[in-house]
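The structure's right below; bear with me while I get my questions together.
Chains here go by letter, A, B, C and D, matching the order in which they are written, and residues are numbered from 1 within each.
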Amino acid sequence: MAHQHRRPEFKNIDNTGFAANSNAEGSRLTNKDGSTNLRKTGLRYWEHISTYHTLLRMSRGKFMLLVLLFYTCINLFFASMFYVIGVEHLIGTDGSTSRFYQFMDAFFFSSQTLTTVGYGHVAPTGMLTNAVASVESLLGILIFAVVTGLMYGRFARPRAYLQFSHNVLVSPYKGGRALMFRVATYKNNNLTDAETQVTAAMHVMEEGKMVTRFYQLKLEISRVNSLALSWTIVHALDENSPMYNYTYQELKDSKIEIIVAIKAFDDHFSNIVQQRTSYTLNEVVYGAKFLPMFHRATDGSETILELDKINAYEKVALPEMDFNTEAVESTTAKI
Amino acid sequence: MAHQHRRPEFKNIDNTGFAANSNAEGSRLTNKDGSTNLRKTGLRYWEHISTYHTLLRMSRGKFMLLVLLFYTCINLFFASMFYVIGVEHLIGTDGSTSRFYQFMDAFFFSSQTLTTVGYGHVAPTGMLTNAVASVESLLGILIFAVVTGLMYGRFARPRAYLQFSHNVLVSPYKGGRALMFRVATYKNNNLTDAETQVTAAMHVMEEGKMVTRFYQLKLEISRVNSLALSWTIVHALDENSPMYNYTYQELKDSKIEIIVAIKAFDDHFSNIVQQRTSYTLNEVVYGAKFLPMFHRATDGSETILELDKINAYEKVALPEMDFNTEAVESTTAKI
Amino acid sequence: MAHQHRRPEFKNIDNTGFAANSNAEGSRLTNKDGSTNLRKTGLRYWEHISTYHTLLRMSRGKFMLLVLLFYTCINLFFASMFYVIGVEHLIGTDGSTSRFYQFMDAFFFSSQTLTTVGYGHVAPTGMLTNAVASVESLLGILIFAVVTGLMYGRFARPRAYLQFSHNVLVSPYKGGRALMFRVATYKNNNLTDAETQVTAAMHVMEEGKMVTRFYQLKLEISRVNSLALSWTIVHALDENSPMYNYTYQELKDSKIEIIVAIKAFDDHFSNIVQQRTSYTLNEVVYGAKFLPMFHRATDGSETILELDKINAYEKVALPEMDFNTEAVESTTAKI
Amino acid sequence: MAHQHRRPEFKNIDNTGFAANSNAEGSRLTNKDGSTNLRKTGLRYWEHISTYHTLLRMSRGKFMLLVLLFYTCINLFFASMFYVIGVEHLIGTDGSTSRFYQFMDAFFFSSQTLTTVGYGHVAPTGMLTNAVASVESLLGILIFAVVTGLMYGRFARPRAYLQFSHNVLVSPYKGGRALMFRVATYKNNNLTDAETQVTAAMHVMEEGKMVTRFYQLKLEISRVNSLALSWTIVHALDENSPMYNYTYQELKDSKIEIIVAIKAFDDHFSNIVQQRTSYTLNEVVYGAKFLPMFHRATDGSETILELDKINAYEKVALPEMDFNTEAVESTTAKI
């Protein structure tokens, strides 16, 4: 744990957008869903919220509730205006003397105006009521432009629909060891020209200070023509790896976080889609390899991809290098 | 068939997104229309369907039918609600005592509300009926946001409109042989910066096992500035080709599949469009060359591209190499 | 005219999407507006028309007329249905006995249903009439989805708004000569990362046959960070040019056509835009240079770009090379 | 001030889209908000305005006002038509004899038709009135297609939401000096693959003439994988810099302007976004370094980015090179 690794062959990268001062950062940089684990302060609430991004990311239930709430508020506002002007200007109302029912008549008239359904059994008379109704129907069109745009934008938003394996495995690989995780599209979308970037964030001791360093991990294959079946992404733990000959305890001390970003082109969106995720040490499994997750259909006519097996692995022995998979001190000299 | 080819100059590629284990795969990897011949299992039905992709790909007739069905169901649902609340709250209905006609009144009122046509000869009274109608008109707007978005999305979806020749020809080329197929845009769209990737999937014997290998085929020209006329894509069967000196029988044994992807920029979509296809051995024609498919107009003012000739070829003799075009054993030594 | 040029340093390119057989092509490959001068045959009319492309390119007047025509036709269709079912099912019609007025009542009722305006002074009764009206309002929403999508798509279509100079000049340049033309954005759009590709199509004699060859012209600068002011695009007529030491007559014989494509990124569309044009020999001016087209505002606060001067040039003497600018025979030996 | 700098190692670039003739340009090339400080003349007003760009950039208040104005004008136009045809064809109007109220009846009927709200308490009779109403509702749909498209287009327009520091600092850096400014996303958007281009525009003396030269500044890091935290962009003032060993006075004389463009990919827009800004000399601070703007949350669970500190710096001593930070003559010889 205390010995120093020599890493002469490669440099850490400073172009990750994160910072070197490890004390300045919280526990995890990237959340499991790929979002950044970050809070922004120093601006008033509305200034650091993008309404568009917020409404696009929100869960479906919340979005629908918000639309309903918004719709009710606008109707309350216009109902109040019609009520103040006088419900007698809304012909067709049944002349109820109850204030509540009068207000509700105004409320429903407002909703019929806002949605432009305009039955007309209740209709405006008089300049003022007509003018308010005219403005409301215009406003309704403008507001629903944004609401319906968001409805479709949420529905048709380009997404990669990628499923990552839950674990990163340390597997035997070409006589040595490699980090492996896999990914597959789980929906009926076609991704082509897929490209993966994997960055490792590690706390390392430099000149007596603990600093966070970022290393772009070299992948055996970082780009595929078509992401049709599952894709196992492999980072060999050889001398080109920043984790070369790390013990489990060393990895743990480094608070390693593996940040993954996959970009690809989707035929149907005709757009580039991207998805991100990250792995931390408790998601790393030592001495395991993935089991196959696809096979030929019994009639031989097609290939079957079993998505429930994406995390299926079996335990295997790792080639004896200088690792100790258990979290005990390693005292052997390493290069 | 049993002899070994030496292929020292090039490597197979592992970045196709398909797998090396030939037993794990079905007959054809990519369908003629470019989609992947793959079934995904292990998730519940809805989890591996992208509603967006499904509705975008569906045939026009099916889509229209689905919309009509959906429209009817929602109207049935709201009609039931209005009916349960009481049709006497729908003023303007003719007071029919037949339950069926009462329900139909509610049904048509619902449809007039959902589409916001709102004639108003039938109109809601009472809090509950008004509230339901108000929610329905809001819902109508939200639902039609997705439906109309899809209508236009289907209509304006970026597409390459490429027509491929039905066959791949083995033609004489620079004293040797080459694989050739051709492609043209068949609609009034302009494609620029077109780029082609051709991958061959072949079953080869390696260390006594049949495995599937993928080779990116080297093309004479893989990129054109403008895809105005037809474009003949040429892969020379020289020493850089994985099929160098293959007999017909060897090609057949290799279960060769040629996977083609063309990407280009469309001026009017201002977007990148992509189209894919694949060829199998029964679409390969030995000893043929394409006939010209465009000529000058008789008045000399423009060029005429004859799209019905895209697959027109004539039989020609192939230069004697080491091929036997017929499916008989070749026993000559090859390099 | 009959002498041969040696052009050892560069090759023609075959990746233009046009063809080498000069007899096969019409007079001009690319029209002035950048579209391809090409007619496609061999498919039925509808098969080689992309409705989307056609409706997007159409002039505004034609598009509006088409929409009006389409609207009228659909109303005629539904009016006929309502008429056949019986106008007595349209309550609120004035009971006119004139068949024409009855039909017109049905027609206007149809238009009120299609647009979902639904005044309701005329309203449907009876199952059949109600059902037809219900389907029409649904259809109206679907049809207008495409029409309104096209309206906005036409309005917001990413365009480069580039103005090219009418002429290509042959100007003095670094002791020799160069082809120059210029381009500027004429609207209030910002283009960044602009890239230009210039291709020359020339008829050349090869092995006794006249063939069309395509040469990608080397530009002094082919990419600018920002297309803010005007951009003069320069192709030096030096030994790297396919037109090196060509006489005017030779250029004329070569039926030269200069095809230009500019791609750039527009901040506000957040999209790549592209514009194309072409020049033929009668647009080439010998011995001229462009006049400046921008200057500092008198108050020094901004730069003024004079778009009406984009084609302003003055005649200048060309350095005596081996050209004869007039169309006379040049007999001097050239390299 | 009068001495000459030797700058043998690098060339100015001519691909900025701006011009070398310093007299031809106004004071500032790029405004603080990234737009170009340029006026275009020589075309009629409408010809050099892109309606789309103008309506997209306009402030929200102006846009709403314009929509309201436009709505009123169209209603005035159609109201006039209905009035001229005769308000007696609008059944349901209260038979007022006041011309003003008659016109207002027509006006509100028009607005109910245009928005397709169509209450129907006022409804058209007669061929002509019906025809005009029918056309108006069609026109309403077409017009609102553009208006609602713009509403959503403005709302969902891809934007980078970048905040730049107000100042460029001249900071100590690796024993020498460097220009530094920083940038952060201030909203809840995720930017990946961010790339920065920095261009310096400087007036320099060449062959006795003052000309504007553009230099692409070499950055320590010009691309980051993820723009999660703040990003400090560093240009070392070493021998590769066009400002190497410049005194403050020299910088001032050069009328330096630093033009910045950042492009990145936004996950949620699934699009490339770009933002630009520029710095002039009065925004440069000598002898200062940025203070940290993020720290670990007290519970260690996340990182906190303090956006109000983006411009926070402290004064520091600069390593003595050949600069004089104050605007006095430097007489020392420089290389």
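Keep in mind that, in the parts below, contacts are C-beta pairs under 8 Å (C-beta built on N, C-alpha and C of every residue); 3 or more make two chains touch, one makes a residue touch a chain.
Quick caveat: nothing in here was measured; it's all calculated off a predicted structure.
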Result of counting contacting C-beta pairs for A-D and A-C, higher pair: A-D
Per Cα centroids, the chain farthest from subunit C: A
Interface composition of copies subunit A and subunit B: same or different, split at half: different
Separation of mean Cα positions, subunit C and subunit A [Å, integer]: 40
CA centroid of subunit A to CA centroid of subunit D, Å: 28
Contacts with two or more other chains, residues of subunit A listed in rising order: 112, 116-120, 144, 148-149, 271
Subunit D contact footprint on subunit A (complex, rising order): 14-19, 21, 23-27, 29, 34-43, 47-54, 56-57, 91-92, 112-113, 116-120, 123-125, 127, 130-131, 133-135, 137-138, 140-142, 144-146, 148-150, 153, 157-158, 197, 199, 216, 259, 261, 263, 269, 271-274, 276
Parts of subunit B lying in touch with subunit D, wherever the complex brings them together: 116, 118-120
Contact footprint of subunit A on subunit D as seen in their complex: 64, 67-68, 71, 75, 94, 104, 108, 111-112, 115-122, 144, 147-149, 151-152, 155-156, 159, 161, 186-190, 192, 194, 220-221, 223-229, 231, 265, 267-268, 270-271, 292, 294-297, 300-309
